[in-house]
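One chain, chain A, links the two complexes that follow: it is found with chain B in the first and with chain C in the second.
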Partner chain A sequence: MATQGIAAALAPRGRWAEFLQRYLPYLLIAPALILLILVGVIPFAYAIYLSLHNTFFTDVESFAGIANYKDLVSDPRFWGALRVTTIVTVVAIPIQLVMALGLALLFYRGVFGGRVLSPLLLFPSVLAPIVMAIMWKIMLAGNWGILSYWVVERFSLVTGGVFGSPSPAIGTVIAIDIFQWVPFLTLAFYAGLQALPLAPFRAAAVDGASRWQVLRLLTIPMLYPLIAVLFLLRFIDTFKIFDSVFILTRGGPGDSTTTISYYLFRSVFEFWEIGRAAAAAVIVFVLFFVMTSIVYRVFHKRLRLI
Partner chain B sequence: MLEVEDLTMRYGELVALESVTLDARPGEIVAVLGPSGAGKSTLLRLITGLTRPSSGSISLSGRPIQKEASWRRNIALVHESYVLYPHMSVTENMAFPLKSREAPREYSDQEITERISEVAKVLEIDLLLERQPHELSGGQRQRVALGRALVREPAVLLLDEPISHLDAKLRNWLRGELRRRLSAAPWPTLWATPDGFEALAVADRVAVLRAGQILQFDEPQEIFDRPVGVGVAEVSGTPPMNVLPGELIADPLGVKVAGAPEPLPLVRPTQIDSLPAGEVSIGVRPFALRIVRPGDAGSSTPASVLACEYSGRHTVISVRLEHETLRLLEAGQHNIPVNEPVLIAWDGAEVSIFSREASCAGALEFQTTVGSNEHRAAPSSEQPVQTG
Partner chain C sequence: MIEDARPRKILRTLGLIAIVIAFVFPVYWLLSFSFKPERLFFDLPPVWTFDPIVTEWVNTFRTLKLWETIINSIIVAGGSTLLTILVGTPASYSLARLRVRGKTDIMLFIIASRMAPAVALIIPFFLIYQFLDLLDSHIGLIFAYSTFNMALYVWLLTVMTRELPADLEGVAEADGYHPFQVFLRIGLPLMRPSIIAVGVLAFIFAWNEFPFALLLGGRTTETLPVVAARSLSAGGVEWARLAVISTVMVIPVAVMVFFLHKQIVRGLSMGAVRG
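Showing the complex of A and B:
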């Protein structure tokens, strides 16, 4: 009797209960959905709207069709910015991942006293990117910064300062991105290594595999899901690189370090070409969407990850 | 030739293995028989080198290996929990040891393929070669793990319950097939199992392990016919030997068992003098017990039926005798109602007597067996039920 009573009390009753049962899921996802629409969909829709109009400073004027897009596609600075961004991404991410994995393996083997050092590793990652960039800017300044004086000038690595010519400038931006992100990735790999099951490694030891074979055939393949996620995160993040460029080089010399984010920033806040900047944002979004889908597809379908 | 001498493994206070000594010759299958927790897996792990022993020595063809790294020992191990490489296909899993740096020789790609397909056919996994481990059932995984060991040419092969998770038909087929292959192999095999029947069936010699100690290391027939103690008697045979407490009586020779109105007779004792007088443990094989009708010749004891398990040719009947449960094997099908009173009789030649101290696993100073092979061979007036 008692259990029947409880069951009856718990059973949905009346219209209100029916309504809840049907619409509760929607109610529950509503806050997230509304937030997403407010900060994601509406601004993006507005960006599309802006990109199709002529603008004068902040005033939206007449409908312009695809004129902004035409302008943009014929602007070599836009393509230059895309090229710079791609170089930074393509060079920095693999180096970061390889260095971080190597360091994590050393830590895992107990070299350097991983436990003691791992909190220190977080330093570069918790520093505000702006602070970090300023720090580097001072260290690499002219011919008097601590690094430019003692290293760059002393060994005549680059004449005229690292920010004086295009290649060293891009190289420096990449190097700083690596410096900033390797520690975080090392920690992530270190955690990933600790989470791997031990049994297959024991089996490999009995099967007579060498250390190199274990690394190549077991450790790295078993870390693929983690590598995929970290790659995706870094890819998205690096593609939007802005702060270090803004502080260190202002996109120069010339436009040699102007990344896509910095190009957008200048289009809006220096040239006030809001329509054109919106068009660029839309194009970048589409490009980005396509590339991320490809990456995801490769990981998901081909490697059966994520 | 694998030789294990005086091997001891302690985990702090806990003694997992104590002075284990055994050996296995090339082509010989040595079963390590014991209930779970006996130390079977620990023994195998020590031989692989995944764990270092507290003391003792292990040698392969006279070469001590206990200080060598596991990947240099060329030992094949089939884990009880399979342990396949999760991201590799069945083929890749099986090829892994052949491609590893410490393989005894170089294998060409063609030879690797041949070895894998040959073994895969025997194990009936030849249609699964392209699958990933997560697409396999438990039994299939176990066979892949077995296959990964069988493609190799190891110095010694260690099998940790290799066929325990297979269905009955495949288990029966593989038991014979593995025995055939491994007996012809130029390396020794250690086969750990908790199944007494399996151990007796596959092995050339059986080491009965209990609580970290080897109770008896002998040929299967000796293990079955002359168990050195209750610990051995309880694990060999299907169903295993019944063990019940009793009191030895000298004249006429017999044992007094709680619940039996008169002492049960024993036939022709051989070593009865060495037994301490009085309290003993009595071991009776299920086929040495049978159900008799009232008025049949010989002594009988009343008991009540607990359960009947029919298995085709025989029925295993469990009966209650005072405080003890006995299992006996009767030919044919029997379906006796539960709690039905019956009379049981035993074949006095098929009884083993153990001193009471020996009942505690490991302490086996006093033991003897009454009833030897010749007794069994000679047809007695009381025909025992024959096992199939």
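Showing the complex of A and C:
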């Protein structure tokens, strides 16, 4: 009863209480939405404005119409960056999802000490991408890095280091993304497997279904919502990959590892072509929303997100 | 699903251990470089055993004033987490528990705002901050970090709050409590564990953040990732120093993973997994 007294004392009264009662849901949401508009919508709108103007360093000069967009579309480096980003995304994500699902299935069949090992497994995935890149840089350095000595040189995989030529450099960026995310994805799939109902599996066992059939016809379809969510999340993050490129390759050799984020970075902070970079940013925004909503539509009903 | 013989289970456990070692080994290797005498770095084949020294730790803290960097990182990551919790918690409660028109649209707007590549946002941010004189300021970075943290936090906390039992709130409402009191006195305490879990995740993301800190920050706001990145530009790479800074960045994350790994798995999958 004491608490009720306090609560009563704190209770809003009169008109204010009525107003609060009526609009409370929106009043609670408002600050978050305002903040998101301030840091999301306004910068986006400003990027559109910038993309339609001529700029000189950070000064906005005359209206330029769609000149920046025209420049951009005829810039092979922009297309190259899109291509590199697409390659990284298209190669890295399926590989990491398949590897993680395989590992999760393996562990799901029973291991000792799974509890102790799972925090260890999560650990690499929450490391800063910067730290992950630095680790690999140390392991792949010169001829003395542990991986360059024991793997790259021993099997003469590449001459002149993995960052010396385009394909190995892209391959390494992809490998690092896979390496960072397989552990988390494995844990996510493992948790997903544990949450599946057992009855269908028992029924399948009674019917004498083979392991492969169970996997293809039961496990994977039942995991579909989870696969869709993880795919979407990984897609969003891999598409903006920047940190590891910055640390490891600086977009090189040539432009072979210049992802779209790195391209944007260079156009602003090296070439100071703000108008053109803003145009690229706008295109990337739009592209991103289109692709994400396509992915979203495809998985629509299956996404467990909302 | 299928019970399996013991020997196989042992084999699988060994496989799991091997994989865990493969994923964790690089962290050990990094750590070892921060204690390794520099002259052994380039030995062939790579050296495993050595007498650990702390010279580079002392040097890095002294010459780079690493404490100041650490404090910057704590201010920015902590401030961002605090801002996110203060602004995001009421929103999540409302979205999870109250009747809001256009709820799905709001949720979609929130998750959409997390999608944009940081570097694309940084272009307008840079000019706006230049105008507002917010470049190289802690508060500027803290605000900028909302671009990724606010969406993450509100989304996850909403999903997690929705799963909590609402009985108490119903009773309180029936007893004539004002909805605002219900939120403060019943909703908030109920949400506290989720707030901590999601808050920790927001902290980790802010702690690890690089592009905003690099491009909107400056001398007085340098965070650990920025200082690390700087140690490898120009005049050759300072490997030992890199290892020290990276290790410092790893420590708080390791502690948080140890205590909250299930919630973090859940968080990284935006709530799709129970962890």
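The definition used in the following text is that the second predicted complex is superposed on the first by the 272 of 306 C-alpha atoms of A that agree within 3 Å, B and C clash if a C-alpha of one lies under 4 Å from a C-alpha of the other, contacts with A are read in each partner's own complex, and residues count from 1 in each chain.
What we mean here is this: a residue touches a chain if its C-beta (ideal position, glycine included) is under 8 Å from a C-beta of that chain, and two chains touch if they have at least 3 such contacts.
Quick caveat, the model's predicted, so the values are computed rather than measured.
> Figure out whether A:L217 sits in contact with chain B (first) or chain C (second), or with both, or with neither.
first
> Should A:P119 be classified as contacting the first partner (chain B), the second (chain C), both, or neither?
Only chain C; A:P119 stays clear of chain B.
> Contact-wise, after the overlay, does A:A205 reach chain B, chain C, both or neither (first, second, both, neither)?
both
> With the two complexes superposed on chain A, say which partner A:A277 touches: chain B (first), chain C (second), both, or neither.
A:A277 sits against chain C, while chain B stays out of touch.
> Have a look and say if chain B or chain C is in touch with more residues of chain A.
Touching more of chain A: C.
> I'd like to check the shared interface: which positions of chain A are touched by both chain B and chain C across the two complexes?
Overlap of chain B and chain C footprints on chain A: residues 205.
> Hey, which residues of chain B end up touching chain A in the complex?
48-50, 69-77, 79, 81, 83-88, 96-97, 99-103, 148
> Help me check something: in the complex, which residues belonging to chain A touch chain C?
Per the touch definition, chain A meets chain C at residues 3-4, 7, 10-12, 17, 20-21, 24-26, 28-29, 31-33, 35-36, 38-40, 42-44, 46-47, 50, 58, 60, 103, 106-114, 117-131, 134-139, 141-146, 149-150, 179, 182-184, 187-188, 191-192, 195, 198, 201, 205, 214, 225-226, 229-230, 233, 236, 239-240, 242-243, 246-247, 260-262, 264-265, 268-269, 274, 277-278, 280-281, 284-285, 288-289, 292, 304-306.
> What residues on chain C touch chain A, complex-wise?
Touching chain A from chain C are residues 1-4, 8-10, 12-13, 15-17, 19-20, 23-24, 26-27, 29-30, 33, 41-46, 87-88, 90-91, 93-95, 98-100, 104, 106-128, 130, 143-144, 146-147, 150-151, 154, 175, 177-181, 183-185, 204, 207-208, 210-211, 214-215, 225, 228-229, 232, 237, 239, 242-243, 246, 249-250, 253-254, 256-258, 261, 264-266, 268-275.
> Please name which positions on chain A make contact with chain B in the complex.
My answer: residues 197, 199-200, 202-210, 212-213, 217-218, 221-222, 224.
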